[in-house]
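Here the structure comes first, spelled out in structure tokens, and everything after it is commentary.
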Amino acid sequence: MRLLLINPNTSASMTEKAAITARAVAASGTEIIAATSRTGPASIEGYYDGALAVPGLLSELKERQTTGYDAAIVACFDDTGLDAARTFSDVPVLGLCESAVATAGFLAQRFTVVTTLERSRVLIDNLIQRYGMGGRAKVRASDIAVLELEDAASGAIGKLRSEIERALEEDGAEAIVLGCAGMTDLARELQEIYGVPVIDGVAAAVKQAEALVSLGLSTSKRGSYASPLPKPFSGAMSDFTPMSASG
Amino acid sequence: MRLLLINPNTSASMTEKAAITARAVAASGTEIIAATSRTGPASIEGYYDGALAVPGLLSELKERQTTGYDAAIVACFDDTGLDAARTFSDVPVLGLCESAVATAGFLAQRFTVVTTLERSRVLIDNLIQRYGMGGRAKVRASDIAVLELEDAASGAIGKLRSEIERALEEDGAEAIVLGCAGMTDLARELQEIYGVPVIDGVAAAVKQAEALVSLGLSTSKRGSYASPLPKPFSGAMSDFTPMSASG
Amino acid sequence: MRLLLINPNTSASMTEKAAITARAVAASGTEIIAATSRTGPASIEGYYDGALAVPGLLSELKERQTTGYDAAIVACFDDTGLDAARTFSDVPVLGLCESAVATAGFLAQRFTVVTTLERSRVLIDNLIQRYGMGGRAKVRASDIAVLELEDAASGAIGKLRSEIERALEEDGAEAIVLGCAGMTDLARELQEIYGVPVIDGVAAAVKQAEALVSLGLSTSKRGSYASPLPKPFSGAMSDFTPMSASG
Amino acid sequence: MRLLLINPNTSASMTEKAAITARAVAASGTEIIAATSRTGPASIEGYYDGALAVPGLLSELKERQTTGYDAAIVACFDDTGLDAARTFSDVPVLGLCESAVATAGFLAQRFTVVTTLERSRVLIDNLIQRYGMGGRAKVRASDIAVLELEDAASGAIGKLRSEIERALEEDGAEAIVLGCAGMTDLARELQEIYGVPVIDGVAAAVKQAEALVSLGLSTSKRGSYASPLPKPFSGAMSDFTPMSASG
Amino acid sequence: MRLLLINPNTSASMTEKAAITARAVAASGTEIIAATSRTGPASIEGYYDGALAVPGLLSELKERQTTGYDAAIVACFDDTGLDAARTFSDVPVLGLCESAVATAGFLAQRFTVVTTLERSRVLIDNLIQRYGMGGRAKVRASDIAVLELEDAASGAIGKLRSEIERALEEDGAEAIVLGCAGMTDLARELQEIYGVPVIDGVAAAVKQAEALVSLGLSTSKRGSYASPLPKPFSGAMSDFTPMSASG
Amino acid sequence: MRLLLINPNTSASMTEKAAITARAVAASGTEIIAATSRTGPASIEGYYDGALAVPGLLSELKERQTTGYDAAIVACFDDTGLDAARTFSDVPVLGLCESAVATAGFLAQRFTVVTTLERSRVLIDNLIQRYGMGGRAKVRASDIAVLELEDAASGAIGKLRSEIERALEEDGAEAIVLGCAGMTDLARELQEIYGVPVIDGVAAAVKQAEALVSLGLSTSKRGSYASPLPKPFSGAMSDFTPMSASG
């Protein structure tokens, strides 16, 4: 089984970190193909960054079709471009937020997502409401820039731990979800420290992707994720013209 | 007051139709600047088309800054790229769906949105839930392709009318919202035929844009719509590097 | 265009304050007809005051029909009698709360309404839930009596500012809605102080009324706002007998 | 124990019918004091009628204080003026809709309210959402005018039965709530015919009133139902000036 | 009228306390039959205890049928086994939580349930969401073990009072619901101290049971509470084989 | 990895069918230990059957601890006793409904669960609301008794197919979830026939169990699933006395 893990921002160091986690949790027969988007922002912090990361993400999905993959993972906790990727693709596509909160739901009745910046807090809260976890999960920002997570001297981990402690104390959180792909390497250690499940989206998405592939399930092509209709795409986006449109 | 009306798909005929409506309802001092995206799909039907329309939309928003505008309207009922546009922009940005359902809410307690294809139905239903109208509004698809609305011989209007009649009969709809920018020219006539308010998103958005500008209100830059942070953007997206990042 | 602005309480000083705001934001061709209810409570604080303000409000709506108006505004943030006014009237009727929260929704994803007394807090929260903003807006009381807002020496503005500051800090509010018609004169200054959108219901309602009139839209007469049925009204309410009933 | 049953419309025949039910279900020590409003509409069908019934209702509540009552019931399924009555009163006040749906909730997980006219359907649906039963109850209109229920030849009962049958078949209703005070005499017979619980609001409210009185519970005077504040009431409403205001 | 009050835990002292309350509030013609489960946990704290209390509860319901009862009350605030009891029984069955929150809903728009241990908080919050009060009620734990309520020296009452004070201050609670059957003796005194309605589930359930019986209403046997189907029950549960199955 | 698959009803043929599916989808290193409850109903149809199946389920969980398992699956679509099992257990416990709807959520935005009898429909709908999928999923009953699924001549499959067809046509379902463990063998074939994802709970739960075990995640022991407290258990339930209680 080949899983395509696409980092939709252009920071290769984040891709590498996510790939390490993915490979660590993957089943023995699973190959992780890690890809970094070649076009778009260096990190995804808010709606503008996210929207401009989608073409790069779709390019990777498309170009890697020639070498093949059985499922894809969008390695950003904002689930950037997930709906578009599912519409485009014939294989399952997983997002980190959706995978992580579904996983948390099997372990705890109430949990808290701890993310980076305030600007991402409401965005993730909206995702969680759409995924149906609005009554069970809170979202907290810990005032960390995404790329500070790459820098051990930034103090980011201290801020993250403070916010986890507030979640346990004030929210009655029964589990913690790490709300940024850049936190993926911290899950195990934080789980040991706090004694509650700490869920990382990269790891969760790998297991969900493996599950869907092994069950022979893929995105429904009936209704909202139906394949793109043939039609002209203009200008810089002409590469994305649906293949059936060229026939 | 100058309102920038951007059609995020690349079909100039749809832009023209929307501009006619916009100019017809605009206040005497309002100038409508109609722009057609130069990059992306010819029509927006589903998530894939929508995601690939956003860079073209943001390009128009950015390039037109030199000549200036007081508010912008994204002229697609899917509210394509609306969050990203609000994050980017310092002036108010309005979407058709959000404007239309807010307007309908002043006129009726229960209403139905009639859109084009089934693939757009759930997408719009999700928007309506996010905008808080989920308990008050239903969404129906009438099996019309967006560009069929440009073709009088397509039978599209008959299908639309059948679905409106079902909404009145089966949903107890007190008003109808037209769920596609391409239906903008039909609102007045349908309102006369059916004797209930028929709300068109283009017209609604123009009035909301005028309202915000005249009240001196603009998108909050605190929290989820805070301006993009400075950071590198790579490849085909490098033109979108936030200006403050270059300093 | 003639907009009837009815203050449903009997304090003419509040009417005057609302009329100043209304005229300041009205379009050049809009005439504001300000009316003070002649029967009912001096201010509206809670359900009892509100219910007893409705006949006076409906009287103004009815008596002013002879001179004519194109839309009406109920100038109390509790949206006192709004449903009854819409049922009675053939022209659009706007409430302050509904107009303000719809306007806030175009500017911010999360916002806080700051109102006067605790007894109005849940009442407004119920309105906001009904209008679909329950997941996006919080309501705070600032322990101010409505008529204290007419008295510069009351300390009311200090209390209001403290509560706004708590909303920004504790709620993560991205915008503020002023939850009482008596605060209408403070919006601009507070917006400058806090750097987030501050929305006043009087101003918002004027623009929504102008929008509906210019779009040729009025309250649906199908379903819940259908015109009153002919039937006898007894005693002190006999003046309200629906006109069609007398035929 | 003395229960004041106020019919907020001015049709004495409806009061009499409700009083018969109330006396039939009252406990041995309970006295039912039936009162008909002396001012307002002959029947309550929609928001306009409802709003204009409230002063008459509050007058009865106030004037009957001299002879005393332990709890009051507003005998209209729209729960007309219930919030105002609770704010005014020092004893418990019950509404028919709230009492009936709470009672239904002990008997069935899903149920349907069958009311009279379409114009009341959404009004009741909004009540049910506010009372928290929106996910469990549907509302159906059976195209009956309220006063037709007083007329055996009107065909009203046939229409009501048809709608109950649709509720059982199409909604999977496990119980039926009769959505108009004028249907109170039909509950027992319909329950026998259909073999599911049929709940009448008058009977339900009598038992809830008895329960609260015997438990020594009354409306909270903290927060939203706090007693009216002293202030002037003008014109035709001056009789409603809160007593503490005169001190 | 005979009401069977079953304590689903095996602590007879708690049964006695509940019976005292029940008899104090029962109508003159109501006989309270108090029963203590003979199999299961000594107290119910969390899901495991609750699940293992259900067979004992159903045994009491079944064995007491020979001597007869008109309604049953499950005397635990977790509404332990309530759905199963309603499915089994031909008479009304009431739970403490459901009865108490319905009663609170007639008295206050916002209220707080104060329960014992943190492990019961989310369980009760889930009940309250299912009963439709999620938007109106909060749940607080006061760190008291259930059986500490039997011990005057445990400090339990002090902890309970502290949590009530926090509910009034921080939640804006308009009423308090006592979230454990073991608190039943404290309601009157706490109501006097705090001046807001304090609702006890035992008392509330007795009155609801009396109401349903006197109205001739019982659990719907259509749909989700339909009587058990005949089928074999094995092993230790064979005594529970539905009677119709043996025919 | 050893997964304990417990059929909480006592029909060994159903256990066998579930075990076949489980083994077919399990990863190469996963051993499926299939267990049939030895006490309780032959099938689970409604709340009474479900409650009386829980002690047998917990017995299996407990007795099998000596031989060891890494996660457990409750093989009934009603998620019978799932909360109690999670409270009891130190390893992850999965239910079929929760696993299936989470899986469906990755594949489709709107889907329908097709179950057996009407009496299970609302029960499952309540589960789905609690799991947060209430806005995305409908539940339909197909009038099949659970054990008819064991009998090829019962016509059960025809009824099931009719209901799936109605779901696709009337609900706009994008995927189908099979709402009974006894349908597990039909998923693949139905998926081929209808061309939409068809999700079976047994298969879904196996993959979720594998995922949690391989990620080192288990049920949170903080809050609602905290381990049972030591206390006496009486009578037939004394075997369930928490082990720590005996210390």
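In this document, chain identifiers A, B, C, D, E and F correspond to the written order of the chains, with residue numbering beginning at 1 in each.
To be clear about the criterion, a residue touches a chain if its C-beta (ideal position, glycine included) is under 8 Å from a C-beta of that chain, and two chains touch if they have at least 3 such contacts.
Small disclaimer: the values here were computed from a predicted structure and weren't measured.
Any chain touching chain B that also touches chain E appears here: A, C, D, F.
Greatest centre-to-centre distance from chain D is found for A, with centres as Cα means. Chain centres were defined as the mean of their Cα atoms; on that basis the chain farthest from chain E turns out to be B. Chain A and chain B have Cα centroids lying 28 Å from one another. Residue positions of chain E with contacts to 2 or more other chains are 109-110, 118, 121-122, 126, 129, 134-135, 172, 174, 223-225. Viewed as a network of touching protein chains, the structure does not reduce to a path, ring, star or complete graph. All chain pairs that count as touching, in label order, are A-B, A-C, A-E, A-F, B-C, B-D, B-F, C-D, C-E, D-E, D-F, E-F.
Of all the residues in chain E, the ones that touch chain A in their complex are 118, 121-122, 126, 129, 134. By the touch rule above, chain B contacts chain D in their complex via residues 109-110, 135, 172, 174. Residues 10, 37-43, 45-56, 58, 81, 83-84, 86-88, 118-119, 121-123, 126, 129-130, 145, 147, 223-226, 228-229, 231-237, 240, 242 of chain E are the ones touching chain F in the complex. On the side of chain C, the complex with chain B involves touching residues 25, 27-29, 92, 94, 98-99, 102-103, 105-111, 131-136, 168, 172-175, 188, 191, 195-197, 199, 203-204, 207-208, 210-212, 214-225.
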